[in-house]
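Here is the structure we will look at.
All chains are identified by letter, namely A, B and C, in their written order; residue positions are counted from 1 within each chain.
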Amino acid sequence: MKRVYVNEKWCLGCHLCEYQCAFAGTNGKDMARSLKNIKINPKIKIEEKDGVSFAVSCRHCHEPLCVKGCITGAFSVSGGVITIDHNRCVSCYTCILSCPYGAISPSDDGAVQKCELCVKTIKGTPACVEGCPNGAIVFEERG
Amino acid sequence: MAVNFLYPDYEVARNYDRCISCRACERQCANKVHEYIEDLNKMVCDDAKCVDCHRCVSLCPTRALKIIESGNTYKKNLNWTGKTINELYRQASSGGVLLSSMGNPEDYPVYFDKILINASQVTNPSIDPLREPMETKVFLGTKPEDIERDEKGRIINNLPPQISLSMPVMFSAMSYGSISYNAHESLARAAEKLGILYNTGEGGLHEDFYRYGKNTIVQVASGRFGVHPEYLNSGVAIEIKMGQGAKPGIGGHLPGAKISVDVSRTRMIPEGSDAISPAPHHDIYSIEDLRQLVFSLKEATDYKKPVIVKIAAVHNVAAIASGIARSGADIIAIDGFRGGTGAAPTRMRDHVGIPIELALAGVDKRLRDEGIRGNVSLVVGGSIRSSADIVKAVALGADCVYIATAALLALGCHLCRSCQGGKCNWGIATQVPELVKRLNPEIGYKRLVNLMTAWQHEIKEMMGGMGINSIESLRGNRLMLRGVGLNEKELEILGIKHAGE
Amino acid sequence: MKYVIIGNSAAGIGAVEGIRQVDGKGEITLISNEPYHTYSRPLISYLLLGKVTEEKMKYRSDDFYEKNKVRFLHATATGVDAKEKQVVLDGGERIPFDKLLVATGSSAFVPPFEGLDSVKDKFTFMCLDDAQNLDKALGKDKRVLIIGAGLIGLKCAEGILKKVANITVIDLAPRILSSILNDEGAGIVQRHLERKGIKFRPSCGVKSFNGNTAVLDDDEKIGFDILVLAVGVRPNTALLNGIAKIERGIVVNEKSETSAPDIYAAGDCTQTVDVSSGQNKIMALLPNAYMQGESAGFSMAGSEKSFAKAIPMNAIGFFGLHVITAGNYTGDVYSKTAGNDYKRLFYSDNKLNGYILIGDVEKAGIYTSLIRERTPLDKIDFALVCEKPGLMAFTKEERAAKLS
């Protein structure tokens, strides 16, 4: 399956992926309108220090500790894509405890959130990939 | 602090209805124009630092930014223009030579824009390039005068070394140092993909790029930076740089700040030292001296590689070219006065040299008149902006063109002409690692390939229109050109008729 | 192949999903002593809180058994005939198996308090029935006494606080959540709970009960209407008495095999190696139970999926205050306290042993992974990771491997 991969060599630390991610989550038509005066809470996040930066988002692991550890069964895997049923999540944070990438975070709707490869929003190429100005985030099939 | 007489050249116009304070502009501006004010959750700008490179404009995800030329003007004066006054103030404050970069932007005639191309109607029908083969391949190098045969009548291969190009375009010299590693990689990979050549410039060849040798011209300039036998043998041709269109008559100066570890290794000079290319080659004061260097280089490369001599288009360019054509050189490259540079004194860039169109026409005619046109191929550069310019250049007598500014534009350059500052926001004319990484060669080389592919299509369209199916048949075919708004003298030099004639 | 699974919670479900990844055909019989569709036990406090409904408590979708071709049997297994390879049910029926999984979980431990019989409204808090029974007894005028300030007791308190007059929690230990928190951390959580209105009596035992009165060790008397017993849990190991090796829990290896052939065990009824300390422990945690069950499923179906990286770990929250802990708390300590955020990391011999995070729990999994993988700390920027968990602390190569 196609996954999002990042290459820190090309990451500029511009954080646009975070904004594209947040925008995709709003299902809005115009980013200016959707994100004006909003503190974004994206599912992809940049780590940066001393000129090094890279984006981190859900790896959609083959052995997903979040799915296995979820106490409510809110996580599920479909076609390799791990998604969260926000209605079933009780925000116990067992997944945050489990994820070795730190890719799961509290959402604004009381559940937890993580990258779902935009399958619920724009579908197709994820927003972060489309919005990366330097090819540092790619969406491709790898072994 | 003394009063700064200068008013900012540009204003950053931010549409606060659209700005979401994502700070991408702030993070992407090496000139530190933008700043986020946390208390206000608001972006602010220092217009004075803006160089109009459009990096922020391009990356702003909500299109909240635009850069406008500063509306403020000095009291109107068609003699003492605002630009002239500003330059004067700058020098009065610094005492220094004004520096500029990229090509001459001033209002001199662009002859390419006063020349129009022919097309077939009724007779000599035009050709549809989508249905019929159309050849854009060219070979550069000395062509033998005669066909030689051995005693049994078999043809002796007396063909001197040739460069083969899929289309009559090469990326002209830009040194590693003046442009970044990633820019070089983009050019090299694109050249490989396209079947054309790029040029190392005078900074030597980074060890990583030896693998693109089949698509490389290695340059030898007055500073001789990075020149060694392996280097000379790594490419398919060697170029002796005598001059550059942007700054004829002077050398180059790459400041020590740009001599990073890698650049110093490649140039074979100490890290941090200034790289100064002398104005002349100190061993060349005549065509005979040039001939010595040409043959030294041929000797060093076993006579397997054509030698290019590159000169700036200056007043007596035709006579100089004539000499070069007799020096043993295989190719003459002529760089017109619009040619680009990473840094040049403003006055040199803007006031020295002649237009490439006139130089090319003059040189081609002179060599033909002297019967030595076959001694050399002609490559012209200095602001080839489109496929139409290429077609016109070829029809005026060029075998091939050099492009550089156009290639950099494809890589993201916005012609802000601030290369000399070393803080290129597009990762091209800089050695700052955080800026260099902004140019991803994976993206860059594809854009170059796209541009050249598009131009090749257009060249074929225009050739087809003229009923010509091989670019070789267009070379020097000045009947395919007509001038508009040119005087008799200009038409005479260009060797073309006026439209309507 | 006939698979029989005793237990309908995380380990049992994990086993079903494990088996079905390997063997799509074998017959699976799942025996549950509860009549319900599989549900998440930790959610019972959320049910009382009103945050979930019984419908939403379902651990897997309604078509789970059908989709996985599982025969669901509501019965209580009373014994295992290892020789005949049969499970004996309370009705006397015998269910034959080729491979058996014991995923019986644990039960509330109720100490033999004097006078406990005299208490009318007394409850344990382990399963859905417990929660429903307790819920019926609740009322705005009811005083609740909870014995045990562990995870169960406190989640119960959170769940019912709004529905009762008051709650007092007493525990023999000097601090709350004594199995997962240190004194300081427990203090933070306790003060938070006290601000919400829960009263605590640490270091305190009950001598006896007399109707609606508990007599404490110091002879003080506390009146109550409802008693919740959350002293602790005991693994349900009885089925394998005399059949497989049992210590504190049923002893299993990485493949979830017991000492008896073709009999497997997983979940809260087992003991496994805690890789953070190397000790054998009962780690009664849902994620571990699921993964151990899945591992058992693989083994039962003739494949293998090692479950070897278990550590104690807990993510728990009370009224919006989140606590995440893992591993053990030995070795040197990195401390950081900022506002309401509390962090302690415990490390020795170049390894991270455990951590406590209260408040800010962002990217806690990075720490969990360092413990689980026994990552040598000199191979990462430990100072950085202490300050801020993230992949930045790893080397460029390591990061590239993780993110590619």
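Note that in this section contacts are C-beta pairs under 8 Å (C-beta built on N, C-alpha and C of every residue); 3 or more make two chains touch, one makes a residue touch a chain.
Just so it is clear, the structure is predicted and the values come from calculations on it, not from any experiment.
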More contacts between chains, A-B or A-C: A-C
Per-chain CA centroid nearest to the all-protein CA mean: A
Centre-of-Cα separation between chain C and chain B, whole angstrom: 70
Chain centre separation (chain A, chain C; CA means) in Å: 29
Distance from chain B to chain A - Cα centre to Cα centre, in angstrom: 43
Residue ranges of chain A in contact with chain C within the complex: 5-8, 47-49, 52, 54, 56, 59, 65, 68-73, 87-88, 90-102, 104-105, 142
Residues on chain B engaged by chain A in the complex (per definition of touch): 17-20, 22-24, 27-28, 41, 58-59, 61-64, 433-434, 437-438, 440, 442-443
Complex contact set, residues of chain C against chain A: 14, 40, 42-43, 46, 51-52, 56-61, 286-287, 290-291, 294, 313-317, 322, 324, 326, 361-366, 368-369, 372-373, 384, 389-392, 396, 399-400, 402-404
Chain A - residues contacting chain B, complex: 9-16, 19-20, 23, 30-32, 35-38, 51, 131, 133-136
